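First chain written, first letter: the chains are A, B, C, D and E, and each begins at residue 1.
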């Protein structure tokens, strides 16, 4: 127990400092010649970077767009992933295998290979220059990894529980909702948090499918800030910090509310 | 709601577990399935429920062939040997589950769940999750979950195995009463013969995936069809001795004679000499392990009248208490 | 290797389950813990093993205070009520687990596992995974896993609950023999009184987290300390009637008299009139449910001599068979 | 009805899979046999692109870089993620914060993340090298060596990219954490009673029980390692130091497809990358199977 | 389309946020001037982003109407007929005449005899220097007509350690860490080397128009390359690669630790925020017999797939015209291509540093440019890696030249010439 705390502190000590540097950098006063290296406590401290980041990068508008996309895409992704993952435990073996192989193949397809054909697809559907192409990946659960993760989680649930549901003539959909989903809450939390991050930091899709500045999402805005002069580096860093806060909150929430220890198997069944 | 099985075979990955079961449970009958561990009792129940596909044969419920029907369409309620409680639901929710998913109004479902829970003596645990219950408490919740509905067939897989004697007696009575009230065929798996004898309208004794004997408790007790049934029902088990063994004259040559421990008289004059090897006291009774030449036998006597271990005694058996079996086939002669 | 508990208290989230347990199990003693479902038997075992922290009190094993020690340092072997088999390991690997992690050479571990499995009658199942075993088979694997080592303390939580009578009798004998051979303190939880009476050197009756009585099987049977113990041990349970009830003159006024069903004589002359409400036949015995005015009682008679339900009969009790309890406290008077 | 419902549950994903990935990918792969510059219509050239690839030194370097990256980073990343998940699965003081901290680098937008590491690796002023110089003199480490030249020495730069990738294990970490959390606690209690060492518990219980998830992540990480090194390499080292020390296949493909407008050629490279991925996955699968067989033999 | 319902024109540009802000101003001003004609600005952050956007949208069949592109990179689009020739429109135009623009730069955007794009700016290399530092050490400021030797002498005199003593920043003499201020900053790229070669009368390629190979093996080019590399290896006046990675030249200059920096007009905006010292620009020193500069220029190009060409043209006319040029010149980042505007205070504003902005205009006549064949971006990328190693690692000159030749030849071969 005490050992675990030491471990936790070590983890924090390794993973947090780089991000603290990010915050420290963002608190420098913009316009000053950049320091040769990072400073832990900038002198003078200034929050002007933040004000300017919001103005220059159009962070408010971009944040709104990112939020719209995430609010639709994340629940949709979790839904698609969990439904597919559950169905995979129930359909005939050959179909499951086919879906697994197709998913792995899809995982292997690099994003760059998909940009152009997808562009043509979205244009045919008249969806370019809307937020739809940014939400579309929700159809495949953002990443084909997640249906597979759900599949494994659902498969690990003791078969007796599914049997009990079959006896009560529960449809697959209701079994999924009433029994399977509550039992994999940690997985749902993890997948939700991860799809949020992936959606939130999606850069290539908006770069290619969205023209209108009013539809820009945060990664584009941030990318734009990244081209600022070195003297304005704090502005960019401030933008990065602001962009990182929502995923941080999502992670914290996910780990607080759902990644708790979960007593699934406390009954006679091995 | 008769339940009938015709030539039901079940295999687990090539390995056949049930080898053609024929069984009929009449409407409102309670059939106890008795059998040693691994005989296929659970498998039989699962086949009836439709959870395990049968490789051959037919299952019908209420004269309807349900062999190809999915479990939910068979209208059965089941207590799983492993309970299969939903870990994320409270006891109350677990019990009401079957009602809620059948769109019984919430309030009614809760009330019925409460009643069922009270029946099995877990009314005070309704808010707990399975993880917070003791073994017996979980089993009672599982039982309540099966009892709360009124299905055509009840399938109970060792529903009382983790309960204490007192509760078990109570539960037996409750089960019997409930069955009388609700009706429907009831298939009750147990390894407890007392339970089987007390509870069953009839008993089916299963052995290695075959039905060894079906009959009323009295038939099973008084005319066991095989040596297996004879020994399996009754504790301590029936003594089996060759007819030309230490107690001659009780059966024709080449047969086995069976004598229940309770029918073994000790200490009277003129009996066969026997050596007391060990004595187990079980409350009012004592089990006396005897050596009769090269054979052994057990006698059950009131513990007040038990001999001491190591003593010499004599054994008498009245011919009326003797069961005779074919030595080769083990069948009742 | 004495095991002793001093004032052990255990709480599950604020709710106290064990209220100060004092218990000593001598070296090489087999103590059976008996108690109704939910009494805290499993909790007691878990506290001894160190799996559930005690909120107060001390546990010592072989005169060593182990209260603060982690489970692995206590050198105990345990059968969990829920078996806790490793789903990914075969029966053989499950059984050998404790040996393998103690760096017993592979071949030796395999051999010992095989022997243990054979002892509990699952030698033919060694290659199966738990998911491919029947309930009773799993339990036997769990039992073999505990028996394969030679720990200071054995903790067995209802290790035979899912076994049939025959196997159970066998297992009891095996347990007894093993314990005699290996030694060490053995704490055996059961709800089966026959098991308790046959197996235990002593029996501790637990009720609601308190030890109600500890004693040899004989003491528990013949001088139950409370009405609870009296009724709990014995099936059907002891009849309890007010001393000034239908059978007067057997105890001082203001007390309860307890008569075991077997001690209730039926049909002799000069007894108290009784009405037979129901008769249960359990093999050689019959349980006769009687109405004595406003009271009820159960008699156990040989089934050959049972009265018919609805008949009128008379009840006689010899004073020697009567237990007298304080009506207010339930304590033996 | 049951069948139909299952079909409906699977349908959105299947649609997404086919329409958004498999078909587009197929189109791109067909283009590998053409000369296509994204502007003029593609022209069928058969296997010309592959012939050219085989003689392309940059491609060979990129291929080698990718393979080395995969071989080093994938196992390391998986081990770290697993270690974190096992360290942080139980509640204790600070564990919640540590979980968030460990997942956090994954949450930082890639562009910012790259720039952040550019700072950290700064050869003169960066905290990493400053730390390494502690105890040494004249800008040398305590061992009397020059500190790594993260951004200018080819080997060190490759190491830098790998180190960066080690911090973004948030995804694997969370998935493994979730997988660990749903394992049955009772078997761990039993292991505790048997005094199994943490190593035994890990090897004999945890590892086999989460093996499916681990296997999935291994495959995924292998696949991704051919793609993932992209942004760091672009932002931090820009494919350098020369000659192409950190030019990975993904960067090679991106540059050719979108900067040099050689989409067909890039598709051919993608195809090689995919074949390589498949080979790696099949290899891993066979190795895992071998390992399992060995395990069952040793029973 | 008709003038009544003006089509929306999509303009794809890239730049830092302030730059983009300037384009937004331009677009708004145009909307006002042209009676509500609509231009939608499509913003990319850098060149790579822009090309990705441009190519995918062309491939996907929905390209922007106008995009801004450097002459060194437009060749690949020009060669693929993705850019609409403008000659007819120019001929008809009453607003813009080619003659208004510097001819050195309009020529850069001619492809097979046709004008494809209209340049927006005409920048060239200059030497930025820290006046305060020069004054402190009593060193003469560079002035027109200075030579490469002067540059080296000055740079050597300004390369100093923390205590102000002159040191030589070569590894041999005790490690470069001691150097606090370097005399000169220069990137090891083709576009920095090329002016030296030209100045010495050499050529970097065998044929300006249809190049098939680099010609660094010929005498003047070879010498120029040798002298360029000597800046680091022999004189130690430029920072090591480690130091450049630690702190890039612009930052080093801003921090007062670099005396001179060879750069285009681009850095002006950043340097205008310098408060600690005074700085100015000087012309490129003469390396050889003649003055030679190198062109830096972006131009507005119309995509041939555009569906609103007339509207797009009207916008281009505006952007190249005086109004548009003034708006963009205000960022300080560009040298207007419109001759009139470049000579106006919009560019030469004396209130803003560099005081000597005229240097950029004086350099225009001597400006030359690199070939514009379609594979030029690839060639530059390859060359950069080789030159970097040559400057910092000291690869043998012969190897460098051989590598340059060998590795780029196939790329030259693939290129389509204008």
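Simple rule for what comes next: a residue touches a chain if its C-beta (ideal position, glycine included) is under 8 Å from a C-beta of that chain, and two chains touch if they have at least 3 such contacts.
Owing to the predicted nature of the structure, the values given are computational and were not obtained by experimental measurement.
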- request: Tell me which chain's centre, taken as the mean of its C-alpha atoms, is farthest from chain C.
  value: E
Query: Which chain's mean C-alpha position is the greatest distance from chain B's?
result: E
Message: Comparing the two chain pairs, does A-E have more C-beta contacts than A-D, or is it the other way round?
response: A-D
Query: So what's the Cα centroid distance for chain A and chain E, whole Å?
result: 39
Statement: Between the Cα centroids of chain B and chain D the separation in whole angstrom comes to 58
- prompt: In whole angstrom, what separates the CA-based centres of chain D and chain E?
  reply: 37
Statement: The distance between the C-alpha centres of chain B and chain E, rounded to whole Å, is 93
Message: Quick check on chain D: which residues sit in contact with 2+ other chains?
response: 2, 38, 122, 124-126, 184, 186-187, 257-258, 263
Task: Pull out every residue in chain E that's touching 2 or more other chains.
output: 52, 56, 59, 246-247
Query: Considering chain A alone, which of its residues make contact with at least two other chains?
result: 36-37, 116, 183, 223, 226, 263-270
- prompt: Hey, which residues of chain E end up touching chain A in the complex?
  reply: 10, 14-18, 20-21, 40-46, 49, 52-53, 56-57, 59-62, 64, 246-248, 250-251, 254-256, 269-270, 273-274, 276
Field: chain A residues within the chain B interface of the complex
entry: 158, 160-161, 163-164, 166-170, 174, 178-179, 182-183, 263-269
- prompt: What residues of chain D sit close enough to touch chain A in their complex?
  reply: 1-2, 5-7, 9-10, 12-17, 19-25, 27-29, 38, 84, 87-112, 115-117, 119-120, 122, 124-127, 130, 167, 170-171, 174-175, 177-179, 181-187, 212-213, 216, 219-220, 223-224, 226-227, 250, 253-254, 257-258, 263, 266-267, 270, 273-274, 277-278, 281
- request: Can you check the complex and tell me which residues of chain D touch chain C?
  value: 184, 186-187, 189-197, 200, 204-205, 208-209, 298-299
- prompt: Can you list the residues on chain B that touch chain C in the complex?
  reply: 12, 34-38, 41-43, 81-82, 132, 134-137, 139-140, 157-158, 161-167, 169, 191-194, 197-198, 217-218, 221, 231-237, 260, 262-263, 280-284, 300, 302
